[in-house]
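One chain, chain A, appears in both complexes that follow, with chain B as partner in the first and chain C in the second.
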Partner chain A sequence: MPKLFERRLAPADSPLAILARTFAALIAAMLVTAFLFRSYGANPWQAYFALFHEPFATLRGFGYTLVRASPLALVALGTVVSWRSGFAYLGFEGSFIVGAVVSSWLALSTAPRAAFGPMPFLLFLPLAILLGFFAGGIWAGMVGILRARWGGNEVLISLMSNYVAIFLLQYLVSGPMRAPGSNPETPLLPRATWLPFILPGTRAHAGILIALIAAALVWMLLQKMPLGYELIVTGFNPFAARYAGIDVRRRTILAAFFAGGLGALAGVVEVLGSQHRLMEGISGGVGFLGIVVALLARMNPIAIIPTALLYGGMSVGADAMQRRANIPSSVTLILESLAVLFLLAVDLLRYYRFRPSSLWRQPPETITHGVPE
Partner chain B sequence: MIRTLEMRNIVKRFPGVLANDHANLTLRAGEIHALLGENGAGKSTLMQILYGFHSMDAGEILLDGRRVHLNSPKDAIALGIGMVYQEFMLLRPFSVVENTVLGLREGPGPLLDLSKASAKLKELSDRHGLALDPAAKVENLPIGVQQRVEIVKLLYRDARLLILDEPTAVLTPQEKDRLFSVLRALPADGRTVIIVTHKLAEVMDIADLVTVMRDGKVMATRSIHETSPQELTQLMVGRDVNLRIVKTSQAPGDSVLQLPVLQIKDLHVAGEDDREKLAGVSLDIHAGEILGIAGVDGNGQSELAEAVMHLRDIRSGRVLLNGADITNRSVARHRALGISYVPADRRHVGSVTEMSVADNAILGLQQKFSSGVFRNIRHARESAQNLVSRFAVRPAGIDAPAGKLSGGNLQKLILGREIIRASAALIVEQPTRGLDISAVEAVWQELLRARQEGKAILLISTELEELLNLADRVAVMFAGRVVGIVDAANASVEEIGRMMAGLPAAASIPSHPPGAISGTQRAEIV
Partner chain C sequence: MSAGHLLSAAFLVTWLSASLRLAGPVLLAALGETFAEQSGVLNIGIEGTILLGALASFLGSYYTGSIWLSVLIAVIAGIAANVLLAWMYVTVRASQVVAGLVFNILALGVASAIYRKALENPAVPESIPMFQPLHFPLLSRIPWIGPVLFGQTILFYLTIALVLAAQFILFRTNFGLALRAAGENPAAADSAGVSVTRMRYAGTLISGGAAGMAGAYLVLAQIGLFRESVVSGQGFIALGIVIFGRWNPLKAALAAFVFGACDALQLSLQIFGPKVPPQLLLALPYIVTILAISGLFGGKAVQPAALLTPYEKD
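Our next item is the complex of A and B:
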């Protein structure tokens, strides 16, 4: 009898097959979430319309989508570099905060009468990016050194380092960097240090351009440079890497440095483009959601951009959904997580061929009598 | 009690491979049956089907005429079928008796009665001449004894049919003789022994019957008295292979006068457990010479190769290349100076199986295949294409993942890559382990060609035949020392075997302390 799923001998790994599986996973996640919508008495169609209409079909909403997508993409790019180099870095919340702190500090120092005094934006921006990147790089690079020199577990250490950064931020915004007489937050950054808005009538800022450039650079690093080759070899097989004369320790530290740097850029972009001041809780989970984006994009730096837009858009749409369909916005968190779970599950389908025709076509032979094997 | 076991028309498919193509095999009680074939001929698959490890796609297994279903090794064991894998399935910190009863219920109720089990084990061991101490910890036992533990595990479960997969791969000649004498006694009890092997000499030595497989098909079953090694070879590979390859003699006078290309001086190296793995090894390798290193696996050969490449920390001693000290230079520097290394582990060290053939072709010289900060991908692909065609790597596509290549083709890729780069010296470890005859031949030819080109080659192998065929001199290692060095031209297998087992060489040897014998002070043996 023909089966709906026929076992295949070699896995299907063509780009089309990968795309089809990814969409299948998204649709499966949406189907399951639809049941959750029902339990709130909402119509799933309306809920999904609310979820996707505002972020992708309105200009204002799309502007917000870009705002949310930029830091997500940068964290996801950091994930790609470190994970493909075999360094399972999970400290992006921490590097995000480090990037946000140093760029806020630099921006506040360019206020009139502050340490540096006003400086042209064209000087300020590269300086902020470099400073943020290096600060985050060194922050994560320390984890890299602990692993490379003493065999520390980067998963645990980087996860814990997030809390160090969170408390550091708390201290700074309630102490030395606090604006007089206000909530625990810094003063508004000087207008001259804000990232320019790029879509008139929206909040969309140049951060998405920084993310795009970073994606291109990461792609170039991994695909086109001997350094990227060495990082990937190290990630796949550290023994072969050592055998090939690659300094595995240095490459590990470098991968950590890049990851922290990219994570910090997310913080830079968020502060200079969107929040315009430093406050507690500024990262808002982007450091973890970005990892999810990288997983969903299958560690491909180019695929990260649309994936980050999707996830950024969903977080914008979640608010609209709450307003219009009266569904808690946290349901989208479930949707986002389910998508990843299903994505991991659909990998089983690599070994099957989908035959919808078996549903309506009669089998050529009826089952013969006898004992089935 | 098994009298006959028949495997009929067994078909087994793996992704992209027809591993067994209507294979037939008949086994009778009381025979030693060899299953002979090149690597990838389907021998192991057929045996793993018989052991219930793989399911078959078609065919049937008949035990004394009755059809049986083997869905797991558990079913096979219940029917009296047992298997010893090439990699032993022993818990190393456990004792012999603990390993033996593992998975069984020995004793009343939930309690384990080890003393009764020990007595039974001792009795089995005595009856079959296994000489096992039930209380000994497996990790302290030599490989040959560990193998006998695997055999006693099967006898303890009263296996009537014992399958041994490549049982001699890790043994010294003496241990092999010991194993064979144990195996020869088993059929007297009405037991059947199957030996899976690709070594003709062993088949002729021990088997009553031999079944030859090629490309998943059974070519023939012969009684050992009615066949010859020539016929078996032909059945195995489908053509005559002359493995006695021609080695041209190099003028030895020149090389002795010249400075050796690679000099290893009193090398001491510690292993992971801080015990000394190399206890003062000194060797000289001249241009155009193959220096063979014989020894049972694990006597410091891998550590020697890794230390010379500086993949391993060196405690003391020096490595000189053309007189210059390179002991503590980086691996990358070694490579840049023209020393290449073909490691024993093709899939986990010598290549990155997830990456393409093209990417593997530049492994180790990735910085050279670049212009500025960018990779010169066109140049790298051209060189990969050349490599694949010069060394006849099949399939020739350079974009497929290297992990999809068969062992022989992957080895040709790695060997080719390293030979092309070796402007000075080449270190080769177990170059033909697990390869089929035609791949062995190709690898040997390439090594001899590299020797002809004047490269200094350090050839580490556990295959004596390989060393005697290729090497100019053979150094024997035992317990981290060089026990002796012999001329390959007039060395005897027996003598090398004795030294491999750690026994002192024949009385004729000059009284050098072990390890202090350098290449220039040759100890002529035999």
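Our next item is the complex of A and C:
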């Protein structure tokens, strides 16, 4: 009897198999979530329509999708660089905050009568990007140094560093950087420092272009440059890397630096493009959701862009769904995380061959062939 | 404020008793995590499990009206949630960091969706009855020591008992030996007849139950209500405490008290205190934990050798 799932000796890793498994995981997650919708008394079709219609089928909604996707993509790119180099950095909430803090400090310093005074946007933007990237890079690079020099556990240290950044932000917006007024937040950044809006009639800003450029650069780094090759070898097998003459410690610290820098860019983009001021809770979980995006994109810098659009769009649609179908928007967190958990789980299927034909076709007769009754 | 003021009896008593009180939940979670890590599983999912335990005990208290039943419900919820995690870690052999991290997001989504749903019922109260501090005859009256050591809730004393039990089980029983073998050298343990799979499931489920109970501790002995932010990194701190405590329950207890003392210092200084920005003090426990696990003070050598490595029988 041929089985529906037949054991295979070598794992199936063709692009088609990977794509099929990814879709299987997404569909499984959507099925489970559909049952959740039912338990809230909603029609799953209508709920999914509400979830996807606004972010992808309306211009205004798509603008918001781009706004949400840009920081997600940047964090995901940071995840790709560091994780593929064997450095499991989880401190993106922290680097996001660091980037947001330094860019809003710089923006506020360009206000009239402030430290620097007004400067042209074409000078301000590169300065903000560089400053944010370096500040975030140094923030994460310290974790890299602890791991490379003293063998500290980067997973836990980077998790803890998030909280240090959160309290630093709370201190800044309730003390030194606070605007006169009731809320703990900075004044509105000068209009001249805002990222330009790119789609008329929407809130979409140039942050998505920054994310696209970053994706192209990360792809080039990892695929086309010797440094990227050394990073990946370091991630695959640090002992082989050392044997091949790669300075593993320095590469680890560099990977941490890139990760923190890209995470900080997410904060820069969010502050200059969308919030236009610094406040508590500005990262809103993007530092973790971005890692999920990278995982779903299977650590491929190009695949990150559509994945970030999908997840950014879902977070826009979640609000619409809450309004229209009365389903709590946190249900999308369940959908988003289940997709990755299922994606991990379907990896079990790499070792099986799927034979739908066994359901309707009889097994071939092999032995009785030619034997008289 | 003078230095003498800082050392006043009132300050010290408030500070130390708050240290013990705040150490409780993280210590419980760290105890369970020690079992998981000794079996070779780094269970980052305890952060989310604590949240689920906190919600389960909150709703359990409302629906059953019994404070002890709600602790039990939280433990069961923690174990049940960690069946999924154990399956991911051990059977699927997924990356433990990834599975745990994503599970935490899932748990946040589940907890907040259930809590929103529960709030639609107007009978669900804002806050629930809590465990009250015990008062021992005579002992509680001892100056200084009395209010610190003998004025805690019953959950605290239960946690201390569990520390001793965990120490005994890990280092004095066959089960503990098998568990540690699975985390130290799974191939050798396997050939000696130990089921690595079963040990790692056991370690993960124990950490799940303990994390669930830690959530109940937070809600039923410290806060008295549920919010999506009640846990705010305590699970991650528990992970740090396991390392700081060198994978040993007794030392983990000491580490938890150090952490509790930092956390409580912030509270006490706000009451008694000089003008220090509170956020600086709030960040202190995290900075201390970072330093403790930074590797600057050694510790790599005692880590279970097969931690984070999925085991595949060949």
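Observations on the model:
Basically, the second predicted complex is superposed on the first by the 360 of 373 C-alpha atoms of A that agree within 3 Å, B and C clash if a C-alpha of one lies under 4 Å from a C-alpha of the other, contacts with A are read in each partner's own complex, and residues count from 1 in each chain.
One rule holds for everything that comes next: a residue touches a chain if its C-beta (ideal position, glycine included) is under 8 Å from a C-beta of that chain, and two chains touch if they have at least 3 such contacts.
The model shown is predicted, which means the values in this text are computed figures rather than measured ones.
Annotation: superposed three-chain arrangement on chain A; chain B versus chain C shows no clash, the two fitting side by side. Legend: residue contacts after superposition of the two complexes on their common chain; A:N237 is shown touching chain B, with no touch to chain C. By the document's definition of touching, neither partner reaches A:L199: not chain B, not chain C. Of the two partner chains, chain B is the only one touched by A:Y229; chain C is not. Applying the stated contact rule after C-alpha superposition, one finds that A:N153 touches chain C and leaves chain B untouched. Within the superposed three-chain model, A:D247 lies in touch with chain B and out of touch with chain C [touch as defined at top].
A count of residues in chain A touched by chain B and by chain C gives the higher number to C.
Within the superposed three-chain model, A:V32 lies out of touch with both chain B and chain C [touch as defined at top]. Judged by the touch definition given at the top, the superposed model places A:A24 against neither chain B nor chain C. In the superposed model, A:G175 makes contact with chain C only, not with chain B.
Superposition on chain A leaves chain B and chain C with their closest Cα atoms 5 Å from each other. Those residues of chain C lying in contact with chain A across their complex are 42, 44, 84, 88, 91-92, 94-95, 97-99, 101-106, 108-110, 112-113, 116-117, 232-233, 236-237, 239-240, 243, 277, 279-280, 282-283, 286-287, 289-290, 293-296, 300.
Those residues of chain B lying in contact with chain A across their complex are 13-16, 309, 311, 330-335, 341, 343, 345, 348-355, 359, 362-364, 366-367, 369-370, 373-375, 377.
Contacts from chain A toward chain B in the complex involve residues 9-11, 224-230, 232-233, 236-237, 239-240, 242-247.
Those residues of chain A lying in contact with chain C across their complex are 36, 40, 88, 90, 146-147, 149-153, 155-157, 159-164, 167-168, 170-171, 174-175, 285, 288-289, 291-292, 295, 328, 330-334, 336-338, 340-341, 344-345, 347-348.
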